[in-house]
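Look for subunit A in each of the two complexes below; its partner is subunit B in the first and subunit C in the second.
For the complex of A and B:
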């Protein structure tokens, strides 16, 4: 089943793990691999996600192995690198991640981590060679490492606030809006009296991860959050609520009601919060109505992104905004077991409408499918701009890789995210049609 | 790469089957006949050339490479019996690192050092570790490094199995410029049926046996003296056997692309031989009992 893959937007497992660790304050990743692995992570991932990477590349440590370490084993190089890293970079946690070459050779990484721990250094490890899977698998492996190994390192008993909810399935940078989306999800949870455990982003540190076992619930936002939730259910019997996609607009209300029922929260408070949020969103929609009809917003769109985005954003645009789902492309290779369900759900997103749903990470296939659908609007990664220009239709970049927009705190999740999405998408439509009017 | 100096020959075979003994004796016989010979042990155990060097110490290429950045030919070679230049590729500590990549690194270094241009060998013999376990151990038969590969095999099934694996590797690489198969060297021949069994396997796979080396005490004795049979017992019958092998390799450039058996075929073939050997041992007389 091998075929040529053009411009894949899914980097390797090592990079997925790095993205997770880099998103936690004072966690220092130590790459045990060839030097290119870390560079490639910067060039191929962090730099391509909304322009908010660390100045001059992220501060990661790398053992930069050479042929000598492949032949004789790289264990001692890693030992040395770990020692030096602990000396010069202060961190709450050092996370060893491995690349293809060192895993081929079979360096004994657990032993190296154990040696570090014997010296009282807080060290965990994740075996993350690129050949073990893509960026999503890397997220899995890193989260698993934290869940399984952190309890051995931090023995202190944490005071855990009541109503703590862990959020899983948002992969930093792979979702360019991860910061904003997490913030908005946090705001929703707070709105109904819960305490969000965002785990990633600003001010999220090992302290947040130490609280994971004490949460009352795992909130799963994408297929990639299922594994952590499952691990936590097995270990600590924490139940979960699983969504396949981002809650955008009124799907947030559905989520909040589910939370309220499952966790027996105060329904009056929840309804009050929902009413306030929905009425604001409706007010905003009403103000948009004139432009909506004048500029012909209602049109067929193509949407290319990870499953959580395509489901969340797609459903909102169709159900709350009357857009027509022409082509939906899911790029994150979700597990076979859920594909049928996801495809079924999306194919009937607008009952009776002929929606094309495909799973692909191959640029040329994606372009062909989008082009064949002849959409009136394209929402996708920066890679889809080319076909949008070719078709002369408005375009909004919202999925990875995102290299022609700056995303600092922007979100497309929740109620606020829905409004932001409409602003961005509407602006894209208007600027494109003005351009066309003037040109003609 | 410059024009290849001399004939390059790789010797493969199951672990412990007698590769190093046979290769060293062939090297010794070739040297005795006046040729310039290099023997390169491509095995982490680095004991390929021991009996050519009277058991003296020889730092391996990889150990030297690990310790010093600049390596000279003198550091990694020793002159053994008859002027044979002995080199051991060496390898990592067992259980650590990648020995396959090590073979690669060692061979690269030898090329960088222009060993072949400078020594101008008539023969280069590569004594390669048992099974072709991974790509690294196929290096000598890939990329046109060796022209011909020979496999040492006894009549034991596991040894035939290893030979068949080598045939698979040769079959894979030969069409793109890798080594072709020179033939089988039957070693440790003791049982009466052994030559027939090996001949039959050779026939089935489209190759032939270039010599039958009997199991002999002289070999063990010479080894205890740290010597080849050629050096320790030049007048013995066993020495003549090795000389004949050397002569064959010298005078014959025949090579084939073997046709390895697939697993069911190999199993079936082995079972049939099992039955025949059992019948011979238990005295059942058959029409074709010429074995």
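For the complex of A and C:
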């Protein structure tokens, strides 16, 4: 039996599925649930992630079931809603997602999707009741629905470019920097001669998803990308490279070398690219030196975020920037099977240093452990601002929920993301009025 | 029988014939509401809209030193995170019900959560909020509440919202207010009255409350603000007040009615204090009740002159304005727009019911062909209407303002703008001036495609709204 959660930042499966579908051009989610589910998603997820979705409003279609449907079933209401959604809302694909109420009532969603397909509507479905899990589970369910059902719907063949790489594990909005991070990852892949299949964000459409089976590789960026990669390996024997965290700074070089080796790319081109990128990043690091020492940047930090962020950002700050890992909090509930490995990796991120690593999404527990660590800098979600103010230490919001920043194209992944992170973090330290005390 | 005996009040549909879907001329609406039978409407194409759970959370987010437990799956608490983001200090908890809980029930989980939170935070009250899962499962919240209330000597207030039993989110205000009164007012049905006045304020902007409090100061009565930003003891004090004043005639109406019916606290009949004249009317009605009309008149004259000076002859003359707001706000902002010389070309309101008969009748005399559109969150319907009307200015508080702005219409958001009272007029005028001074952002937005199929805009605005078959 799970424990109650205070200010949970992982919302529910329905919301996770909505985040995925809304991030693909011309995919129209059709919510089959009570009217408030879409509004909860908009208020509690979309609005709290540094910006808004493309429509600038809650999802465009929802069956809004009422008491009558709870008692007698909501199948006919969904049939009507789907029919009218196809008429009213432009889309290449309509994705039925369900809430708790319609799942408890037992509406036959696959049958409804089949009926739609019989009418030649491009319809898929995902059973996504909130009680089945959090946003990460929702991401899984939605990706699985696309991988499994899309081939039956869109039969036209796409021309698959050579060297196409699918990127998995970045969840829109749950990573507030998802657009920028995907772009930067794409740039890295292009740098070594590969073609990125970003799948999410601007200009990523059903055409991108149709290319998925023809990729040469799945690049997995977080624990949440493992399931799609596994599905594709089983179905299409596409191999994978799995990272536990975002490649930030020089860990991008490790990734690029692995790609080059595994896919037998041109090593000279790769090394040239890496040299150019690392040299630029080193140049930026050197430009910071005076301020770094004067303002006492080097200090113990607490970092609160999803596992991919904590690993990626944490390792960069410790291994390239001299920061001291005090408290690392992983909030995305990674599967039990990998927790020991993740915790072990993070606990020894700076060998010999006493680093506290916990897994929690409960705000009171997170606040307690951050406060107990007495860090000199806090990197986390906007929820951690309160404890940063209480402790009087610099604070940078970088994980979900992010409600006091605007994020359009910003990235913390890759080489460029590393430089951006230093700009933001350095500015946070400098603008904190007591940095002089901290430094002394 | 006490009106508070039931677990939850009757839905707005049953109590006030509330409609959540309707489109037509104000004169037709007025005629329909003059009759006894009002047919409910349903949508065959719908978009996400608020539900009673979301509105109940709005109220609970303002109760001090409280813990709110949403006894449901995780996503039902997403809005709690939003309330935190906009400044609520309530502690938001979700019991995170999983599939097993939906089959076996989860009262043990709830019990454990209440105990743990009580010992950690020592709150003055714990709210248990319902949701679709609990409602469908018929989980026994009540016995946990009764048992632990006794054991901990702590007020534990169940709020039986369901997410589906009313098609109008505003029912959630009633349900939350019902529970707050039922569990926090004590049993005395008629307390000895004193000279305090209740200011009934539900989900209002803090500056709006401040404006009302500052204005009411002139009457020299101590004020009890309830339930916004209040501690739980106000529910006990409120039953002994001399009278209740509504800050809005809609959202806190149920609170006012119950205080009057069950506790004999008279409810002063007022409209919303918006606009110079509207605020004056509000003050004068209160003044009349208290026998202090002169005081109200003097204040109004002074404030009206001061406001006129501050807005410096600003006028909306020659401009067509569309208003899309919660019902009481929409009708009062309509008066304000007319006061500023503008012409209101249409209204979208969240719901329409018997509380609005007076406004409908008045508008029928003034502008019988004014279009009224009843919807919450139905962006497609609004866009369809706005494409035909193409107003010069849009005043709204919905979450789809971006879609409206894409039509090239200057937009002012009233979602987090305080526009009550005299100072509210000045604030709103400032925003309107900005919106009218530079529409370049709307022009930029207009370059982004709409999500809707063009052909469907040629249909009537309400082709998909049908009368409900019982």
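Everything below uses one rule, namely that the second predicted complex is superposed on the first by the 422 of 440 C-alpha atoms of A that agree within 3 Å, B and C clash if a C-alpha of one lies under 4 Å from a C-alpha of the other, contacts with A are read in each partner's own complex, and residues count from 1 in each chain.
Going forward, a residue touches a chain if its C-beta (ideal position, glycine included) is under 8 Å from a C-beta of that chain, and two chains touch if they have at least 3 such contacts.
Computed from a prediction, not measured in an experiment: that's the story for all the values here.
Engineer: What is the contact status of A:5 with respect to subunit B (first) and subunit C (second): first, second, both, or neither?
Structural biologist: second
Engineer: Taking the superposition on A as described, I'd like to know which of subunit B and subunit C A:75 touches: first, second, both or neither.
Structural biologist: In the superposed model, A:75 contacts subunit B only, not subunit C.
Engineer: Please work out whether A:116 is in contact with subunit B alone, subunit C alone, both, or neither, and reply first, second, both or neither.
Structural biologist: Neither partner.
Engineer: Given the touch rule stated above, what does A:129 touch, subunit B (first), subunit C (second), both, or neither?
Structural biologist: So A:129 only meets subunit C here.
Engineer: Quick check on the superposed pair: does A:67 touch subunit B, subunit C, both, or neither? Answer first, second, both or neither.
Structural biologist: In the superposed model, A:67 contacts both subunit B and subunit C.
Engineer: Touch check for A:39: first (subunit B), second (subunit C), both, or neither?
Structural biologist: Once the two structures are laid over each other on A, A:39 reaches subunit C alone.
Engineer: Between subunit B and subunit C, which residues of subunit A are contacted by each of them?
Structural biologist: Shared contact residues on subunit A (touching subunit B in one complex, subunit C in the other): 67, 69-70, 104-105.
Engineer: Hey, which residues of subunit A end up touching subunit B in the complex?
Structural biologist: Against subunit B, the touching part of subunit A is residues 67-75, 104-107.
Engineer: Touching residues of subunit A toward subunit C in the complex: what are they?
Structural biologist: Residues 1-15, 28, 31, 33-45, 47-48, 52, 54-67, 69-70, 80-81, 84-85, 87-90, 99-101, 104-105, 129-134, 364, 382-383, 401, 403 of subunit A touch subunit C in their complex.
Engineer: Can you tell me which positions in subunit B touch subunit A when the two form their complex?
Structural biologist: Per the touch definition, subunit B meets subunit A at residues 62, 65-66, 91-93, 96-99, 101-102, 105.
Engineer: State the interface residues of subunit C toward subunit A in the complex, per the touch definition above.
Structural biologist: Residue list for subunit C touching subunit A: 42-51, 53-54, 69, 72-82, 84-85, 91-102, 108-109, 112-113, 116-117, 120, 132-133, 135-137, 162-165, 167, 169, 377, 379-380, 398-403, 448, 451-453, 456, 464.
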